[in-house]
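Below: the structure, in structure tokens.
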Amino acid sequence: MRQRWPAGAAVAPDLMAARAVPLAEHLRAARDGLGRARLGARDREHACRESEGEKPHHPRVNSTAALRAATVVLGDRAILRALDLEIRPGVTVVRGPNGSGKTTLLRALAGLVPLSRGTREAPRRTLYLGQRAGLLRGLSARDNLRFLASFRGDPTDGVGPALAAWGIAAKSANRPVESLSAGEQRRAALARIDVERCDLVLLDEPFGEIDDEAAAQLLRTIRRLAGERRSVVIATHGRFELDGGANAVIRLA
Amino acid sequence: MMLERIRLAAAREALAERGQPDGLIAAVTFVATLILVESLAVGPLAATQPEVASALFWIAMVFAAILATTRSFERELEDDAIDAVLALPGGRDALYAGKTLALTALIALIALVGGALSLLLLSLEVLLPAHLALVLVAGILALAPVVVLFVVIALRLRSRAALVPILALPVLVPQLVAATNGTAAAISGDAAAALGWAGLLLAFALVYSVLGLTIVPAALE
Amino acid sequence: MISTTAKTTSALRARPFLGAASVVALFVALWMALVWSPPDAVMGNVVRILYVHVANAWLAYLAFVVVFLASIAYLWTKRPVFDAIAVASAEIGVLFCGLTLVLGAIWARPTWGVWWSWEPRVITTAVMFAMYVGYLLLRNLSNDLERRATRAAVLGIVLVVDVPIVHLSVTWMNALHQLPSVLRPGLDPTLDPSMLASLIAMTIAFTFLYAYLMTARVAIERRRQARILEARA
């Protein structure tokens, strides 16, 4: 049975450094893809407004996070320039060649890089999973996740089951993380999604080092998060099946 | 909540040091070697004088503390572990405070070994052991925040290894002066002086801890 | 943020006047110091170096206080102009501080017979010199405007806090070791009025020089910042 992805309304906002994917192209891809995109009345209204070239008025209450006129500079280069971006519940995919700023965009949303200009709005419960595992060596995967959950004030009893669900057996979970393989470390990091229930989940190339089984689990997890009306922002290469169910695909040049 | 987070960050650091004690081992080895070589270099006659012995010990401690702290923060950079904490609300402040606390304890451990070695090597007779302990504690409390501060400032720079001593040593002059004089006083039996210097060290510790907590998190990235 | 067009602020317009004022004031002060004022009863003509030495010392302290204030201002407002002021003042401060040490040594040799003394003020000045050279070194290691400015600002604040602490600890150490207090270099306020006048004149001259150098250096830094910002765009 074909999955129906909850479809959001508008296309990617027009970015100075990016090309927007026209809505029509989206709809075609969605129809030809995993399922038919269902547009509600409000969505159709927004779609019409977009094609008229008018700036869409999205009610603030509907956006999980946003970057407004955000400029991020690293060294002597502006990686992001006057970026306007709203993240809504559901899936947002970020694509672009290497060096185009995908990582910087996610880090900006996570609050890890200061903005030279502009503002950032993001929920308190934001989960950022970068390209590297982000686990402290010397600690076990279990201790790492327990620490991060406790830091948020969350209960830690879900850590063991979550790690197991992502294929990290109890024995591995209790060994220092540096003794795990790269793929295992990444899976342990991904288990944070289940432990720390966050409104905004930022994933930077999450499919990088994990095997097919874990990749399938990740896709299921993303779908579940979208179904729970949480926001997921994924920077990735390939994985075009994500685009069909995404409410926006941002292409950075 | 913040206190709890600081406690968690300190516990995290302590656990990591236990799981991966290479920094601690390196620092302890370093301080022992340095004290031995220093004592040899100045000669046994000079080295047994309280002032000289104290100075040799504390200078070795400064470098060992820098070594241990640098290793600890390098571990944070591996696999971008630091990002995971910085991305959490209150992460920056708690990480700085928590790591400072844990590293202070670590440096105390190193000082214990270095101090014991000094006393043994030089057959030093300590006239005021309680005062000596006080000065040692106060000295470490005054030393650690400054070292962590400079390691954080230099964290993402290439020449970190050279830069931290260059920046830290001038700033540590007061602490070094106070610690060496206080230690020498405790060894030679000058109670009033030892207490005075210990008090000064504690004041330094307070000033730098507060200063560090206030502004250093801004530099943490 | 910075505009890429060079704005003629009031500081820039004042620069030629400051330059002229510096030159004039320096001439006057030097004449007063070297010719007009009398030789010291004890030191003789050696005292004349002190006028420049002390003036330099005060200006060095002033420069580093400016670094401190500019650092706070930068952390508060994130405006690059404060970073420019901080680096300019630090460079000029290092210059004055180094001169202070050199002139102090030149003064000390005939007076005390040694090039160096372990007296609080000397040590504090030497430590200050080392600290701010470290500050400039830190700045040199990064080209990223904002990050460099933030790091430097944090350091700028820490360093100033340390200066009085250094002085305090060395004073206490000397008291404990009962070092002779006759080693204290002296220009005390109950000076011959013409000596005091020379000192004040020299200080005023160097203050003009400081202001002039600041306007020049800040302008250079602003141009560099503007270039980097343009390269980004």
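To keep things simple, chains are lettered A, B and C as they appear, and every chain counts its residues starting from 1.
Just so it is clear, contacts are C-beta pairs under 8 Å (C-beta built on N, C-alpha and C of every residue); 3 or more make two chains touch, one makes a residue touch a chain.
Not measured: the values here are computed from a predicted model.
*Asks:* Could you quickly compare B-C and A-C and let me know which has more C-beta contacts?
*Replies:* Pair with the higher count of C-beta contacts: B-C.
*Asks:* What chain lies closest to the overall centre, CA atoms only?
*Replies:* Nearest to the common C-alpha centre lies chain B.
*Asks:* Quick check: how many Å separate the C-alpha centres of subunit A and subunit B?
*Replies:* Centres of subunit A and subunit B (C-alpha means) sit 41 Å apart.
*Asks:* How many angstrom lie between the CA centroids of subunit B and subunit C, rounded to a whole number?
*Replies:* 31
*Asks:* What whole-number Å value describes the gap between the mean CA coordinates of subunit A and subunit C?
*Replies:* 52
*Asks:* Give me the residue numbers in subunit B that touch at least two other chains, ranges are fine.
*Replies:* Residues 221.
*Asks:* Give the residues of subunit C that touch two or more other chains, as numbers and ranges in rising order.
*Replies:* none
*Asks:* Mark out which residues of subunit A touch at least two other chains, giving numbers and ranges.
*Replies:* Residue numbers touching two or more other chains: 114.
*Asks:* In the complex, go through subunit A and note every residue touching subunit B.
*Replies:* Answer in residue numbers: 107, 110-114, 124, 126-128, 130-140, 143, 147-148, 150-153, 176-178, 185.
*Asks:* Could you please specify the touching residues of subunit B with respect to subunit C in the complex?
*Replies:* 149, 153-154, 156-159, 163, 166-167, 169-171, 173-174, 177-178, 181, 193, 196, 200, 204, 207, 211, 215-216, 218-219, 221
*Asks:* Name, in rising order, each residue of subunit B that touches subunit A in their complex.
*Replies:* So the residues of subunit B touching subunit A come out as 1, 5, 8-9, 11-12, 15-20, 75-76, 78-81, 83-91, 94, 221.
*Asks:* Mind pulling up the subunit C residues that touch subunit A in the complex?
*Replies:* Residue positions touching the partner: 1, 143-146, 228, 231-233.
*Asks:* Spell out the residues on subunit A that touch subunit C in their complex, using ranges where they run on.
*Replies:* Going through subunit A, the ones touching subunit C are 73-78, 81, 114, 116-117.
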